[in-house]
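In what follows, structures are represented as structure tokens.
Below, chain A partners chain B and then partners chain C, in two separate complexes.
Entry: the complex of A and B
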């Protein structure tokens, strides 16, 4: 644990909103932030994503998380047990009742949620429970206005033999700060298939924790991102294999333009019981300018002795000969780079079943790669 | 159409000692003419085509390139393309993930935009693509595949000519378009190129062998050796080279 810090005014305002004494978890959280501050670069898990620095001068005061859904929550209820990690714990402490969605039978189309903070700071907890044997789709769109801060915890519980396709769109949020922490627990035989598309913000972090029961269950985590000037996006994933014969596949591809910064941290943790785990994790990044940055840290932590696990990470630049070829045919350098990068980024999005969504997402990618139109 | 004067170029290496590959090339191709350049391996033919097209891997150390009377020595590759210069590459580059037609349409419209013209309509473009593909025996399936990916050497050359037809350039530089083609493919490609001959279109045909020239019937044949044009003449020069080889020029240059 990092050394105590001197609080900044933003942290002081946060703490003022929490109970200042007592033994309940909210008071403990206040003391924890009081001593250590918000996560910052000297905390290993946040070393490339300095949330504290991004918020140090924030004027974000009271605000609210607006959740517009394709339907109302089934229930709003106090958060029963406090999340373990700091940020979702803060979301639970300041976000009021959790919005609970239950998916108990075949849906008519996906559950769609638009999560926005227009001004100030907004915290909140969303719970999605998928009942045994159900196939469902969840779509989330996140947007944070300039100067605003959103901190959201998403708790996903998948029953036995469920399948959840989760599609997360993180809209370009210049000057906005966003932290989304997801915890997904899979029942036996469940399938969790997640794809994220992100464009960053002043600072944005999509952190996903998955508990994998092994045998018959499958976890797919895919993502793509394009980060322009002044945008930062961190995608952090933790998959824990708790039982044998589990399968995990991760593929992230991203591009950073001048002044854009991408972070990928992926950890696959294989417990001693999780023999015959088959896990693969890949991140491929493309630096489109000398002033672009992508930091990656893929990690395998394996306690079982009979597993097939692999990770790969590579950073590259656009192929110079391809670039010349395309320019010889008349494309501008920017355009040629954009076309090459688009095709590079398409891979994690190619699997999307909904053609309309795929087209929309590829259009967004195309737009982000051509800031000058 | 293309006038190259005392052109000198070297690899754009950091160290000043990088040797010159082009050592004073002079070439003048009037509108409507087909010129050929022949020469031994490594004499600088591809380098000349790259430098003419504006490849930034080479540094021009002297001389000039003019296109339709305008100095383009320093122009970006895409500016030259928009003015109507097309290079059929000796080694066409593979571009995974980008379908050939998507690529070409984007390129065609980029050129049109640079010339201040509106974009070509999708149906018009498709019609043109079908017509040109038919002339070259290119299947629909090939057009949908990513640019040059998974094509044989000969198929790549055929696709280069297809691209030239689609973009309708004023100057066509063909760098060893005949290599990798069997005799039937050579005839198809040569027919395609011949069909593009026009009073306002010039061609520079770089080749090693005479066989492509038998179909294309160049107006002028140049011999290149060690970074210079060392002799120019009529089509008979190509036959003479075929019979006698390049030894004579190699020793002269050494």
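Entry: the complex of A and C
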């Protein structure tokens, strides 16, 4: 646990919004933030993503999280139990009732949610429950306006033999701060297939925790990012294998331009019971300019002996030989670089079934790689 | 049924007789008063007849240490250490260098014999004048010069004369403080600053001995240098300090071995090793760490909290760390390289074996500051019994490190289902012309390979030893030859009883 800190005005405003006494978890949260502040770089899990510093001078006051969905929530209900981690706990404490979506057999296309904070700070909790045996798709788009702060908890429950494809688009949020913490629990035989595309913000973090029951269940976490001047994006994943024979695949690829900072932290935790786990995690990053930075920590924590777990991480620049080859074919250096970088970033997005969405996402990637048009 | 049985019941007790270094030497020793305060620091400094500035340096470290908190980020667990309940200085009485064999206490002679250092060499080791040449002639090259550290003091250094001819300074750090204070003053703490971390600061305050090596410009050290650390006295901690400087174009290969008696208590070993490599210099540093790991129930054993760092100051300098870690109840150790000079190179080859209830959190740091710096990390971890093992490493490429390259491979092997193996690599890149590759795997011994080996007539333990040796080959081949053989045997012994 990090040492106590002196609070900044933003933290004081946060705490003022929480009840200040009693044994209620909201009051405890207030005391916790009162002592340790918001997560900062001396907190191991936030080592490269200093939320506290990003918000220290924030003037974001009261605001609202606007959730526009392809349909209304099935119900709004108080959060039944407090999330374990600090940021989703804060989202639950200040976000009011959770918006609960149930996905059953009858669906009209994917469930689409636009989550936006236009001004001030907005907190909220979204719950998505997928009924047993159902195949569904969930699409989320996040946007935070300059100066605003969004803190969102997403809770996903997958019943037995369900399949959820989750597509997350994090729009470029120049001066905005965004934290999305997702907790997904899988039932037996469930399949969770997530792809994220992110462009960062003053600071943005997409954190995904998955409870993997093993046997027959499958987890896929893919992501791509392009980060321009002043953009920071942190993708953190934490997969816990609780039962035997589980399969996990992760592939993240990203590019940082001048002044962009990318962070990938991935952890695969294999409990003693989770024998014969097969987990692979990969992160590849490209630093395209001076002052670009990518930090990564691919972690394995393994207590079962009969497993095959691997992770790979590579960081580098555009391959000089490939560049040379393409220039031989008549491309300018700029064109050749763009083509190589695009094809590099396309891999995690390749599996997208919806061709229109894939085209739109690749267009966004292309646009972000050429900030000057 | 799988060849590697999966229950802890099958993991045989780590029998104490497998740790052949667990004996105690009965010899009259003198101690500093128990506990740690400024007087302890003054006592040690006075014993060593140190100059005033050295005492001030130590006292400054001690005062800083009092303000520091013990780190808790490593994945190891142990009850709080009572720093007042230990001796910070223990030395055989009359621990001066011996003039003739008759003066050498019989107990010390026997100790080195038991530790497997050949008698002839042991004579030399014990500092009998004139013996060095005959022993040197008797042994075939390559020769190994040894500095023997017994608890808090260096008892002997061999081949000093021969090394002097080449201009190499190899002596205990206490002697170096008397004979070459200017070198010590210049380099001590220049790689691991006084207040670097809790254990390094403690070491700075109370370090009692260790080895000092200076290889002058353009000299290739004519033999392997080696220090043999032995903890003997009960209730003592060992705090040694090693400083190696390779000047322009110099080369030195240095070996380090460590053992301790079996005791029910936990003994603290907090060492600091500093290496400095100037332009075109190369230092090869190899360790076989075999401190008493504690018994099968986790009782006793050495807490090995060590700070090792190399500063590749010069252009095209190179430092290579090779370690075989089989001992200690708890290991907390990250031999690192600061690649400051353009074109400098850092290497880290490691085998860590944990069994019983051992805990090891070990790895390396490669800090790329200069242009075209290169680093290579090969770490092999083998966890058996109820042990827990973590590779923790950092590769950091700074903004000016154009053309820097790193390759890292960490492989873990689990034997039995009550152990844990973890990988925690930190990778930071701030330069668009750098290339970093990192691979890690965790798996168990392949049943197919075991089956094959057994078909060829090997028993299970021999088959496991063979496969483990294959798994570690990349690292073993980096060790100097004399060490490689010992290390292979040690691997087999450490894993004995880990398969049913």
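Note that the second predicted complex is superposed on the first by the 358 of 373 C-alpha atoms of A that agree within 3 Å, B and C clash if a C-alpha of one lies under 4 Å from a C-alpha of the other, contacts with A are read in each partner's own complex, and residues count from 1 in each chain.
Everything below uses one rule, namely that a residue touches a chain if its C-beta (ideal position, glycine included) is under 8 Å from a C-beta of that chain, and two chains touch if they have at least 3 such contacts.
What you are looking at is a predicted structure, and each value in this text was computed from that prediction instead of being measured.
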Most chain A residues touched (candidates chain B, chain C): C
Which superposed partner A:81 touches (first chain B, second chain C, both, neither): neither
Touching partner for A:23 - first (chain B), second (chain C), both, neither: neither
Contacts of A:292 with chain B and chain C, given as first, second, both or neither: second
Touched partner set for A:311, first chain B, second chain C, both or neither: second
Partner chain(s) touched by A:335 [first = chain B, second = chain C, both, neither]: first
Footprint of chain B on chain A - complex, ascending: 319-322, 324-333, 335, 339-340, 342-344, 346-347
Chain C to chain A touching residues, read off their complex: 2, 4, 6, 73, 397, 399, 412, 414-444
Residue ranges of chain A in contact with chain C within the complex: 44, 47-48, 272, 275, 285, 287-317
Residue ranges of chain B in contact with chain A within the complex: 53-57, 76-78, 80-82, 86-87, 89, 92-98, 103-104, 106-108, 110-111, 114, 146, 163, 167
